[in-house]
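Notes follow once the structure below has been shown.
Order of writing sets the labels: A, B and C. Residues in every chain begin at 1.
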Amino acid sequence: MARLPVKKTYKLFIGGAFPRSESGRTYEAEGQNVARASRKDVRDAVRAARSAFPKWAGMTAYNRGQVLYRIAEMIEARDSEFAELSTGLEEVERTVDRIVWYAGWADKLAQVLGSSNPVSGPYFNFTVPEPTGVVAVVAPDEPPLLGLVSRVLPALTGGNAVVAVAPEKHPLAAIELAEALATSDVPGGAVNLLTGHREELAPWLASHMDVNAIDVTGADDGGAAELERAAADNVKRVVRGGPDTQSPWEIASFLELKTVWHPVGQ
Amino acid sequence: MLRVPITSPLTELDRKKERAPVPKEWAYAPAPESRDVVSIKERYGHFVGGKWLEPSETYTTISPATEETLAEVGQATPEEVETAVAAAREAFENGWSGIAPAERAKYLFRIARTLQERAREFAVLESLNGGKPIKESRDVDLPLAAAHFFYYAGWADKLEYAFPNRRPRPIGVAGQIIPWNFPLLMLSWKIAPALAAGNTVVLKPAETTPLSALLFADVLRQAELPPGVVNIVTGDGRAGAALVKSEGVDKIAFTGSTEVGKAIQRELAGTGKKLTLELGGKAANIIFDDAALDQAVEGIVNGIYFNQGHVCCAGSRLLVQESIYEPVIEKLKRRLTTLRVGDPLDKNTDVGAINSKQQLDKIRELVEAGEEEGAEIYQPPCRLPEKGYWFAPTVFTNVAQSYRIAQEEIFGPVLSVLTFRTPEEAVEKANNTPYGLSAGVWTEKGSRILWMAERLRAGVVWANTFNRFDPTSPFGGYKESGFGREGGLHGLEPYIDFDGTEPFGG
Amino acid sequence: MPMAQAPVLPRGFELPLEPRLPRIGSVDAVALEERAASLAKRSIKKEAKVFALELAVRMMDLTTLEGQDTPGKVAALASKAIRPDPSEPGVPSVAAICVYPNLVPAAVARVEGSSVKVASVATAFPSGQSPIELKLEEVAWVVDQGADEVDMVIDRGAFLSGRYAKVYDEIVRVKEAAGDAHLKVILEVSELGTYDNVRRASLLAMAAGADFIKTSTGKLPGAATLPVTLCMLEAIRDVYEENGRMVGMKPAGGIRQAKQAVQYLVQLHETLGPDWLTPDLYRLGASSLLNDVLMQLRKEKTGVYQSPDYFTVD
């Protein structure tokens, strides 16, 4: 008789831990019962992200790059599992390559995006990019893994803490990714993944006063406009990108620029 | 050998002369800048397509220092705004976007030069219409406005170097709405990068300060800028709202209150139009006990009393380390007694008139709230003119972080003083606000400056200085102070379209 | 030998000085220069300008410090000091004439009976590079000869090598030797290098008993400037705020035009206030400033621009 496999319970990823939804509810996706996050889970995830933000942002850029590279290693190591949960090995490989590409950006952003500014007067003046803070990501449904990673990585590479709403139709790769993140060196709370209904969760993130920016790529046109309107409550930065892009300017859209002046004198 | 004959130089009178008593009062005689340098028309229309468009509605604009009427100006209707947007669109499609970048640069250089040549005229007008001291409009607003055009002129034909591999293109028609605190300077912050990047513009100056923008139209005439490239419509918030709603506008740039900024962001949601916002602030100016105190006191004064405190990045919250609280406050109060409040056109005036009745009411309301909440108020003795809108430089001590005067943007010459004990506490208090535009740090310790600068959540950190601006230096906020940068290379980006040109998209 | 105790020193700055000097605070050069430049932009017109120009005359230390000075030169200087503009009796006398020790007797004789004081440089002016005993002897001698005021130089060599106590001690002893004569302490700011040093030296000199602190000998380029004077005024203000003692200030060297004099007075007015607007607390050390002030005064009176030909050279 064939052995009955042990099935996995698909949970949320908040603050480095894997809790069930506070609502106790699940929904069925890809043949599995997946945790259906509630607005209270959104609240907890934002709280976890906020408290992880200083640690992640405060790491040296070199270390951040290493941590990101480690994620790529962890995915590559379980590429067959990811392949099953996504569109296949090619998507996994592209995902790994994309993470490696972003990992290499971590310690180059200040040089590409910053400047020293020749002001008229005895002052030294320079501009440095800094993370915005807590970034909400509404991930696209397709491709399940690469789409999520393409939207999370720009914010993460810049030093932001992320709360992502996983692809509603294909959440399993996202949960698998959470497990890879949990076993990598990403500080708990720097990335939080919520599975559930996008239309239920995204508005709470868009209106949350402690979220600094929102990526609405996964929302449809009407939904995106709604989210953008709600985002105005605390002047969030709103980004709508593509599901399969990589660009330093995507990182830049989750960065602030800080300009520092200091007199030059004896 | 020649002997120099010496005769006594003294007369009897000289010998008796005692040293005369020296009078102690030294009142500076009035030193008004001449108004003749600028001529104001009785009535202005909107500047659309290179011509003056007769407005269907008008209102009067005044001098806040005297309440005298200066001119009648247009209150743009939505139809008039649309006419301006159409003119900008036509100019964009039919020439401006296709003109050689080097030629575009030369127009901007011309504007910069003309502003330099007519600087005094603009400075006087700016002080008349806005109430700011002539020494500031003369030494800050005008030189910086001209410098902004000069700086961005040079970028016009070098955009490929600013954004390598990104094929920068203009966006189209930019709708720009500017505030009343630095009318011409904000105009230049908006128009210069927009034109350098190849866009055309519809600009709406603030309701209370339209005149320098309308005079600027004459600079455009002298520079022979093609008609429609810059259009200026005047009026209150209704005109601004019409501009925001206009479908012909591809980008909105707004500087003003956070409240209006949020409304604009809501309005534009889902339209795909680009938006930059430069909104309010409640900056902390942090003084450590090892700071060069006399210079720090100057920085405090410059931070909050510059332009009557009508500065979004004003250092309105003073955070003083407890160990030097007393000497700092003593020095500050003493310094306030030397501030000269009065006629904006007098070259010796340090603090001018409050920009409008409405703003004066708001300042009064918050100051009353401060007193009611239990803060201690100090104002130096000064005689305020009877006519016009005035408010004495004010310091609040014994302020708690929870008081309205420590939380809300007052946008007037009112300083709230708080204390701290450690750098950690200073950072915590400084960041404890929804705003994030600017911050000041005063310490002689280099490592602490960088430590603080790293942790302050603000777009501009002035260390051992305050309220410095430069066209090469990006300016803009974190959090509810807005997004996007003005100034520097980064200030070009909001006016450039990169869509579809990225490798791998983006 | 126990070191003399400071008559005045801001709280926290008690002797011994060496370990405490860093606590004296610092000066931000850029901000100081900006503040000085901004004060220099005040527009002083009409009666306010006449006030300033007359005050400048009253505050002037008319100076000749040349190897070629003779009793005759000093006599001429004295007449000019007493009656700067013979055709305008309303123009006040200057505060003092400032001469080398050898010329003190001649100067005293020539100003006798007038309000004009005699100031003598001393202490191996301008370098200060002599043994302390000789300096003290020189000070005692000029006072004995009738000098009302003594302009001493600090030992910059000692200051720059960190021997602040030596500098301090020397000032204390010179002050003793000067007796009732007013002591002006010359810092020679252009040799001190930084505003921080100027501030330290100012506080040191005031602590040691200086009645006035003075910028320069006038023998070096880059003497008095508006920022360095502002830096010293701020030190004076700190001493005043600490214990109420009012110390005088004398910028010297490089002040040649009436316009500059007005700028210095505006700076004084807005930094220390009207109480300092007196020759008892402020002097302008100058050799060629007087005639430009006189020309400006007459221009204000007549409304016509003037020519130097109408003003006596001394």
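To be clear about the criterion, a residue touches a chain if its C-beta (ideal position, glycine included) is under 8 Å from a C-beta of that chain, and two chains touch if they have at least 3 such contacts.
All values derive from a computational prediction rather than experimental measurement.
A.B. asks: Among the chains, which has its CA centre at the largest distance from chain B's?
C.D. replies: C
A.B. asks: Between A-C and A-B, which chain pair is linked by more C-beta pairs in contact?
C.D. replies: Greater number of contacting C-beta pairs: A-B.
A.B. asks: Averaging over Cα atoms per chain, report the distance between chain B and chain C in Å.
C.D. replies: 42
A.B. asks: Between chain A and chain C, what is the separation of their C-alpha centroids in Å?
C.D. replies: That gives a centre separation of 68 Å.
A.B. asks: Between chain A and chain B, tell me the centre distance in angstrom, where each centre is the average of that chain's C-alpha atoms.
C.D. replies: Measuring from centre to centre gives 37 Å for this pair.
A.B. asks: Can you tell me which residues of chain B touch two or more of the remaining chains?
C.D. replies: Where chain B meets two or more other chains at a single residue, that happens at 464-465.
A.B. asks: Two or more other chains touching the same residue: where does that happen in chain A?
C.D. replies: If we look for residues of chain A contacting two or more partner chains, we find 123, 263.
A.B. asks: Residues of chain C that touch two or more other chains: which are they?
C.D. replies: Residues 28, 30-31 of chain C each touch two or more of the other chains.
A.B. asks: Per the contact definition, I'd like the list of chain C residues that touch chain B in the complex.
C.D. replies: Counting only chain C, the residues touching chain B are 25-28, 30-32, 34-35, 41-49, 51-52, 55, 58, 70-73, 75, 78-79, 82-83, 92-93, 110, 113-115, 234, 241, 265, 269-270, 274-275, 277-279.
A.B. asks: Give every residue of chain B touching chain C within the complex, in rising order.
C.D. replies: 4, 6, 8-10, 14-15, 17-20, 22-31, 135, 139, 290, 292-295, 298-299, 327, 330-331, 338, 347-348, 444, 464-465
A.B. asks: Quick check: in the complex, which residue numbers of chain C touch chain A?
C.D. replies: 28-31, 33, 193-195
A.B. asks: Show me the residue ranges of chain A that touch chain B in the complex, using the header's touch definition.
C.D. replies: Touching chain B: residues 115, 117-121, 123, 125, 127, 132-133, 212, 221-222, 224-226, 228-229, 231-235, 237, 241-242, 244-247, 249-250, 256-263 of chain A.
A.B. asks: Would you tell me which residues of chain A are touching chain C in their complex?
C.D. replies: 122-123, 263-266
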